[in-house]
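Starting off with a structure, shown below.
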Amino acid sequence: MIEAAPILAIIIPLMGSFLTPLISILTKRYKKERIRDLFVVAIVIVTLLLVLHMLPTVWSGNIIVYRLGNWTPPWGICLAIDGLNILVALIVSGIAALVSIYSLMYMKNDTGLEKYYTLLLLLLASMMGVTLTGDFFNLFVFFEIMSVSAYALVAFRRNWDSIEASIKYMVIGSLGASLVLLGISFTYSLVGSLNIADIAQKISIIGTNPLPPVLILILALLMTGFCIKIAMVPFHAWMPDAYQAAPSAVAALFAAGTTTVGVYVMLRIIYILFGVAALGVMLIVLGSVTMVVGALMALVQRDLKRLLAYSGISQVGYILLGVGFGTALGIEGGLFHLLNNAIYKALLFMCAGAIFYRVGTCNLDELGGLSKNMPITAGLFTIGALAISGVPPFNGFASKWTIYIAGIQAGKAFFTLLAIIVSVLTLAYLLKAINAIFLGQRPKRFENVKEAPMTMIFPMMFLAVLCIVLGVLPSLGIDIVSPAYNALTNQHGYIRAVLGGI
Amino acid sequence: MAGMTLIVKTASRLLSPFVLLFGIYIVLHGHLTPGGGFPGGVIIVAAIVMLLLGYGAEAAKAKFSPLQASVSENIGSLILVATGLLGLFLGFNFMKNAIPLGTTGNLYSAGIIIPLNIGVGIKVAAGLAVILYAMLTAFEEEEK
Amino acid sequence: MNVDYIVAMLMISFGLYCLLIKRNLIKMVIGLEILTFGIHLFLISMGYREGGIAPIVTSTNPASVVATMGVDPLPQALVLTSIVIDVCVTAMLLSLAIYAYKHYKTLDTSELRRLKG
Amino acid sequence: MMRRVLAIGLVCAIGALLVFTVSNYLLPFGTFPQRKFENFENQSVAQVYLENAPKAEAGGAGSANVVTSIVWDYRGYDTLGEATILFTAVCGVAMLFRAAKEGD
């Protein structure tokens, strides 16, 4: 109906972030700062509605191509939206809407809130930009906006941990960005184009079976760059620090948003840009190493947010494992896990934030016995923990089970066994966390701790309900991800839709 | 930060208007000669830096206050988005060059490139000024 | 002989070396800059053609000459974008360095980690 | 010391790989619109910009400077992103040096 919905989904949050400083100057003068916060929430919800508006068109099998400045690809930039984009856009904008509602109370006591909300909107706009774009260099530009706003948000609390984490994140992240830029410039020097569909078409002429050495180098540069951004194991050092130092609301958005976007970009490069399914073995090995190391590191953590960050690393391993199996069931399971991971990771980080908001610490040694004070948070955290460890009837079970079956069918029994063991480890460290936070002896000073406020409970409850619904009705989840699966395996359809039969 | 010696003060007072003018020239001729909004904005902010170094932070802030800087940065960004949305309102796609193009080589030519360059010029000058003032506060506290 | 390309690649390697070895934050920033400028040099030199001219129409270079002899304008546009990105990242990194130095009086990254303890 | 040796080894390996690639697989310096690799032969998309950008009747912006025409017209959306990244950095720096208490 609205023709311009794809671009508006990016421009509206962008314009919101440009307007937020002006609005906050006005609202500060009249002492009505709530209006600014509500304005931000309204902008995020409009973005979500625009994504929902595009949903039926894309799910019926069409690919929306929006040509910026009416230039024909490959000369201009275009936005190309297929089933894969829309799934990621839905996850990102949905989680961002919940996070912005959650921030209303959670961030209330901080200073510099206008900067916080501006950066939050910029993060949302850039994630939408990365997700929806069909141009390779444009993807890099928006990825950098995402990274710079993430660096700034990590340093938001300005205590020692966040400054150190931000410096570390920034140095490693800039190195990754440089590698991506080098990969893009090699691609341009090889095929002379920047449009993803056009590059894909030209690479398919060069031939990817076997991959020529120069394409292997390009692929290695791009993969290393994006692996740094999603914290695959050899490059994961920045992530726990960053997630621990960032405010929990932002950490929830990072875990559910930027990680999802990073995985999406990797899938887009492997399946659409290069069209190489032969990378399965690499993905399986990387995925299982990430999975095991993340879970082992999570076992020894004494800080709740750090523990959740390591478990996030380990869950990304599952996604890559599922996609790496290469069978239809495996890819669907991986994508389903991508959706589920966003849901319960956001839930768990929000619970950690609720605890931090009321108690002021996330250190497992200091916490204890909070289930009497915060029964709702305790229940929601338990739901999230059981979902992430793959216990039926929650959504984690549905996607992990799909991945196990796919692994056995693909004849990769060893990796399937590894995945099951890691799942047990996940349950172990999360039960340890639940025990340390909610059960056991309650320190004297926590006796007057109250339940988290309602605006924080609501987004958490919404996510917990989603966990249960997708767990009880796994076919619903598979229905949501099957357009993404179809898009991922339909390289020719993508090229044809974007280039219009050239 | 206090000012510098008389030589620096005189030189910066004499030079900074010309630097400012040159920056504006670069912004306006972005579609004809090398340059454009970004380099032009940086040259404009160089004029402010000259004042700041010569006469101290207070004098520079009196000319171009931090609040003015951050407001004009937002206005510059909004000019960009509004110019992009113009194409949408005229019935084309976002960022369409929809207003009449002049003759190639004239000052008025190339359609929306002129307002975009002006917007980005304002934005870059104001944005770098904000960064400069923000970094200065770190040292001002130290001096107190 | 692709001397330009090779020089660009060597710059990238030097930048990488600087980033891996140096412990001072400012020196790491310099390493990052060298790395990025190596990539920019590669991008720009990629667009050169034999006897090329600047892609700007003037009275001495009419449009027809530019169309056949102009160098590749696309990498130049990309480098413009990339320079601004680089400036922004550097500005953020340097202001974090200023902040860290002001409050903790050190720029040594190994020292930074130890202080956290 | 160990760290230094490892780093030098790694950098030398990466540098050698990059130099090897650019000198063997890319076309030599100075052959701009041409793109050739084994059986693949094509022209860079940028040739069209050079031909069309200065002419308003060919769909270009009519800008004398082709680079500006690409920056703001063909790839204007990229440059909007670039302006946004500056905005982000400014916002981040201002956030970092904000006053410790609300009020000014």
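Which chain is which? They are A, B, C and D, in the order written, and residues in each are numbered from 1.
FYI, a residue touches a chain if its C-beta (ideal position, glycine included) is under 8 Å from a C-beta of that chain, and two chains touch if they have at least 3 such contacts.
Fair warning: this is a prediction, and the values are worked out from it, not measured in the lab.
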(request) Show which chains lie in contact with chain A and also with chain B. (result) C, D
(request) Using the touch rule from the top, work out which pair, B-D or A-C, shares more C-beta pairs. (result) B-D
(request) Determine the centre-to-centre distance between chain A and chain D, using the mean Cα coordinates as centres, and give it in whole Å. (result) 26
(message) Taking the mean of the CA coordinates per chain, how far is chain A from chain C in Å?
(response) 29
(message) I'd like to verify one number: the distance from the centre of chain C to the centre of chain D, where each centre is the average of its C-alpha atoms, in whole angstrom.
(response) 10
(request) Mark out which residues of chain A touch at least two other chains, giving numbers and ranges. (result) 14, 18, 21, 68-69, 137, 141, 144, 148, 151-152, 155, 158, 188-189, 194
(request) Hunt down the residues of chain B that sit against at least two other chains at once, touch-wise. (result) 32-34, 70, 77, 81, 84, 94-95, 97, 104-105, 131, 134-135, 138
(message) Show the residues in chain C shared as contacts by 2 or more other chains, in ascending order.
(response) 12, 16, 42, 46, 56-57, 63, 74-75, 80-81, 84-85, 88-89, 91-92, 95-96, 99
(message) Taking the touch definition from the header, please name the shape of the chain graph: line, ring, star, complete or other.
(response) complete
(request) Can you check the complex and tell me which residues of chain D touch chain C? (result) 3-4, 7-8, 10-12, 14-15, 18-19, 22-23, 26, 28-33, 44-46, 49-51, 53-55, 64-67, 69-71, 75, 78-79, 81-82, 85-86, 88-89, 92-93, 96-97
(message) Show me the residue ranges of chain C that touch chain D in the complex, using the header's touch definition.
(response) 1-6, 8-10, 12-13, 16-17, 20-21, 42, 45-50, 52, 55-58, 63, 66-67, 70-77, 80-81, 84-85, 87-89, 91-92, 95-96, 99
(message) Please output the residues of chain A touching chain B within their complex, sorted ascending.
(response) 4, 7, 11, 14-15, 18-19, 21-22, 25, 66-70
(request) Over in the complex, which chain B residues touch chain A? Could you list them? (result) 67, 70-71, 74, 77-78, 81, 84-85, 87-88, 92-97
(request) Using the touch rule from the top, collect the residues of chain C that touch chain A in their complex. (result) 12, 15-16, 19, 25, 28, 32, 35-36, 39, 42-43, 46, 74-75, 78, 81-82, 85, 88-89, 92-93, 96-97, 99-100, 103-104, 109, 112-113, 115-116
